[in-house]
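Labels A, B and C are assigned to the chains in the order they are written; within every chain, residues are numbered from 1.
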Amino acid sequence: MAVVEVRGLTKHFGDVIAVDGVDLRSEEGEFLVLLGPSGCGKTTLLRMIAGLEQPTDGEILLGGENVIGLPPRARRVAMVFQSYALYPHMTVANNIAFPLRSQGMPAAERGPKVKWAAELFGIERLLDRRPRQLSGGERQRVALARALVREPSVFLLDEPLSNLDAKLRAAARDDLMEFQRRIGITTIYVTHDQVEAMGMGDRIAVMNQGKVRQLGTPEDVYHNPSDVFVAQFIGSPPMNLLETPEFLYGFRPEQLLPEGIASGEADRMSLTFHVNRVEYLGSERYLYGHIRGHDETKVIAMLPATVSLPIEVDRDHKFSVAHSQLRFFERRDRGETIPAQPL
Amino acid sequence: MTSSTLTRDRYLADNPKFLAGLFMSPALIYIIALVGFPFVLAIIYAFTDISTGNPELNFVGFDTFRRVLDDPVFRKALWNTFWFATLANLVVVVLATALAEVLTRDFRGKWLVRFLVLLPWVAPVSLATITWLWTLDSIFSPIDWVLRQFGLITENMYWLGRPQLAMWSIVIVQAWRIVPLAAVIVMAGLVAIPDEINDAVAVDGAGTWRRMFQVTIPLLAPIIAVAVLFGVILSISDMSLVYVLTRGGPTHSTQVLSTWAFIKGIEGGALGQGAAVALFLLPVLVGITAVVLRLARRREVL
Amino acid sequence: MAWRDADIPSLQRRAKRRRRLGRVGLYTSAILFSFFAVFPFSWALISMFKQSSDLYVKDNNPFWFNLAPTLEHLRLLFVETNYLTFIRNSFVVGLAVTLITLTLALPLAYALARLRLRWGERMGIAIFLVYLIPPTLLFIPMTRVINTLGLQESLWSLIVVYPTITIPISSWLLMGFFKGIPMDIEEQAMVDGQSRIGAIARVVLPLMFPGIVAVVVFAFTLSAHEFIYALAFNKSSAVKTIATGVPTELVRGDVFFWQSLQAAVIIVAIPIALVFNAFLDRFIKGFTMGAVKG
C-alpha cells in the first residue's frame, strides 16, 4: 500500500488548468521529487496533498484512505514551506511544540518530544530564542524539527532550500538527505532546481503544464527522457537537439567527443562540429558552436579536462556520438524514444 | 469553466463558505439594520409631514421638500455648506503639505512641535471649538486686545457677531482643525516616495522649490486627493463646530445643512423637514467624492 | 562653465548659505505652525487660572496675571458640575464600543482579506461608502429608532449606535493589517493540526496586535468626540459625554463660566493628545496599508 497516491488529480483555477489528471504513487520511505519550471503545477499538487487546496477532480489517498474533503489537520501530514513559516510571536520551543499542542498532547509528554526533535537537528541551545534572532540555516532546522516532532507518515517540502544562499544550500541539502535516510520517512519534495532534484531524489516526477512528463530515477530521466521537454529540462547544459524532416535526435554535451578519442568508432555517428567559442572552466571545457547541416541550432559539447586535445575556434572539427547514446523524438514534442537508427 | 470543490460537511470549522458566512453576517446585519434601515427611513420621512407633535407617517408628496426649499435659510445653508468646505480645504491643502514637509525633517524639539500641531485634531471637536469661542469672544478676545494695543482698531471686531466675519471665522477654525489630519496623511505619502527619486533629483541639481513643484507635488497628488477627500467629508459631516461657535447665527448667516437640520428637526420638532434638509448632504458628499476620486485615479503615478 | 574654471570656494559659500537659510526657514515654519495650532489652547490654559475680577476687565493685559492665579474654577468644575460623570460616561461608552467593534469588525475584515470571495473587492468599497453616510444625515430617523427601542436618555443609545461608525472604518483598517500577515503562517498552523478558526486565534490574532490597538484608539476617540448623536439622544445631564456635557452644562442662562469651561477642555485634551502621539507611528502604518490595498 503506497503511503501517498493520487489518481487522475485535476485542479482548475477558473479557466486555468493548474494540474491536469496526474497519477502518482510513492514508495514507502522514498524521497520523491516533483520537478518542473514555475507554473507547472508542482506546488499546487503538493498543496492538494496537504489539504490546502481542494481538487476539482480525482482522488488522493494517504495510507490507502481517500482524504478528499478532509482539512489539513485531519490528514496528519507534515509540511515545510519555502519561507519556513515560523511563528514569530513564539519561542523556538513553542514553535516545535505547536503541532503537539494542537493534537491535545499534555505538557508532560510534549517536553521530551520537543527535546528529542531539537536534538535531532542540533538546535537544543536555541530553544528559548525567537525566530527573528535566528539565521537562515537555523530557521530551516527549526522548521524541520517542528515538522517531524509528531512523527508523521508523510513529509511535504515546498522548495525549502531556495531561501538559503548558495554556500548554505549544499550543506543543508546534505543534512536533509542524511536525516531523511536515517528516519526513513516518505518525503515529497518540490523544486525547480534540477541539480537539486538529481542529487536528492530516489525518483523524480518531471512536470510541465500540469502533467507529469516522466516519472523515474535520476538515471532514467537523464539517459532516457520520455520527451523533448524532459530532455531539455534535465541536464545542464541541456541536451542538444537536432532536427531532420522526419524527427528530432539528441545527445548530451558530454557525449559529443572529438573523433578518435572514444573507442569503437564503428558504432559512432560522425558529425562536423564548427566551434565558435570555448569556455575553459578548469575541470572541463565547454565548446559552443553548430553542426554542419544544422547551422541554426546551437550545440554545446563538454570535454573533461582529461581530454587535452587543443580545439581551435572558428574551425570545423570532426566529432562523433555513439549510436547507443542517441535519442530520438517525434517532431511534435510528444516524443517517444524509438530505437537508434543509422542516418 | 468554474472550479467545483469536493468537501465533507464534518469539518465545518474549516469550510471556507461556512466561515465566510459566519464571519461576515454579524457585522453586515448590524450595519444594514442600523444604517440601511434609518437611511431608508430618512428618505421616507422627507416625504411626510412627521413631527414630534404629530408622529404619524402622512405622505405629503413633495410638500415637505417645497417648504424646505422655499425657506431662504435653507438656500443659505446649502451655499454655506459647499462654500465653507471648499475654502477651508483649499487652505488645508497648502498648509498641510508645507507642514508635512516640515514634519518629515529632523530638528530639535520635533516631538514638541508634533504634539502641539496635532492638538487641534486630537482634542474633541466641541471642546476645541469652545476654546475658539472664548478666543473670539466679542468683548474679551485677546486678539482684539492685541490689535487695540497696536492701535489697529478702536472697536472690537465681533468675530462671531458680524455675518461676514463669522463666516470667515468658521472657515479658519475648520481649517485649523483639519490641517493636522491632512498633514499626517500627506506625510504618509511623502514617506512612500522612494529614496531613489529624491537622490536622482539631488544629482540632477534641482533646488528645493523646483523639487517641490515638479517632483514632490505631482507624486503626492493621489495622497493629497485622499487628504482632501477626508477633509471635505469631515467639514460637511460635522455639525458641532458651527453649532457651538455660532448656532448658525448671527441671523442664520453661518447656517449649514447639518446645523439647520438639527435645529429644524430636533430642536424645532419638524422631523420631516429636518430629514429633508439632511438628505441634501448626500448628493453633495457623493458628488465631491466622485470628483476627487476621479482626479486621483487619473493622476495615478506610483 | 568648465569644471576647472569653477570658483569652488564661492560655490561652497553659496551652498552653505542656502542650507542655513533652509534651516532657518524650517525652524521658522515649525514655530509658526506650532503657534497657530496651540494659540487658542494656550489662551484657555491662561484663562482657567485667572480670577474673574482680573479676566473680565476689558483693558487688562490678558496674558498677564494682574491678580494672583486661582484654582477656584477648577474646584467649581470638579465639585459643582457633572464633569467627572461626563468623563466616566465617555470612558464607559468607549470601552463598550471597542468590544462590540472588535467582535464584529475583526471577522469581517478577515473574511474580506483572506477568503477568496468573488465579491470581496466590491464589498470593501461598499463598506467604505457606508462610512460616507454621516450621522448628520441619519440622526433624525436614528433618534426615532432609539426612542422606539426605549434607549433614549441612556448610555446604551450611544453604545448601540456608535459601532455603525466604527465598524466600517475599523474593517477597512484591519483588512490592511490582515493582508500584511503572510498566508504561509496560517497554512502552516493548519497543517500542524489547527482548524482554520484555531489557526486564526492562535497565530494570526496575536500578530494583529497593532491593528487592534488602532481600533481601540479609534473607538475611544469617537466616543469622546461624537456630538450629534450624543446631543440628540441624551438630554439629561447624568448621561452626557464629554463632547456634549461640557458645552451645554457650564452655561447658566446667558452666563458662561468661561474659566471652568476652558479648564474642562484642557484637562481632557492634553492626556488624549499624549496618548495619540504615543501611538501615531503605528497608526500611520495601518492607514497606509489600508489605503494602498483599497
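Note that in this section a contact is a pair of C-beta atoms (placed from the backbone, for glycine too) under 8 Å apart; a residue touches a chain by one contact, two chains touch by 3 or more.
What you are looking at is a predicted structure, and each value in this text was computed from that prediction instead of being measured.
A.B. asks: Most contacts: which chain pair?
C.D. replies: Going pair by pair, the biggest contact count turns up for B-C.
A.B. asks: Which chain has its C-alpha centroid farthest away from the centroid of chain B?
C.D. replies: Result for the farthest chain: A.
A.B. asks: What's the distance between the Cα centroids of chain A and chain B, rounded to whole Å?
C.D. replies: 59
A.B. asks: Centre to centre, by mean C-alpha position, how many angstrom separate chain B and chain C?
C.D. replies: Distance between chain centres, rounded to whole Å: 14 Å.
A.B. asks: As a quick test, compute the distance in whole Å between the mean CA positions of chain A and chain C.
C.D. replies: 55
A.B. asks: So which stretches of chain C touch two or more other chains?
C.D. replies: 190, 195-196, 198
A.B. asks: Could you say which residues in chain B touch two or more other chains, in rising order?
C.D. replies: In chain B, the residues touching two or more other chains are 11, 14.
A.B. asks: Which residues belonging to chain A are in contact with no fewer than two other chains?
C.D. replies: Touching at least two other chains: 71, 73.
A.B. asks: Give every residue of chain A touching chain B within the complex, in rising order.
C.D. replies: Interface residues on the chain A side: 11-15, 54-56, 68-71, 73-74.
A.B. asks: Touching chain A in the complex: which residues of chain B?
C.D. replies: Residues 1-8, 11, 14 of chain B touch chain A in their complex.
A.B. asks: Of all residues in chain C, which touch chain B in the complex?
C.D. replies: The touching residues are 18, 22-23, 26-27, 29-30, 33-34, 36-41, 43-44, 47, 55-56, 58-59, 61-63, 103-105, 107-108, 110-112, 115-117, 127, 130, 132-145, 160-161, 163-164, 167-168, 171, 190, 195-198, 221, 224-225, 227-228, 231-232, 242-244, 246-247, 258, 261-262, 264-265, 268-269, 272-274, 276-277, 280, 284, 287-288, 291.
A.B. asks: Mind listing the chain C positions that touch chain A in their complex?
C.D. replies: 182, 184-185, 187-196, 198, 203, 206-207
A.B. asks: Show me the residue ranges of chain A that touch chain C in the complex, using the header's touch definition.
C.D. replies: Spelled out, the residues of chain A in touch with chain C are 50-52, 71-73, 76-79, 81-83, 85, 87-89, 98-99, 102-103, 146, 150.
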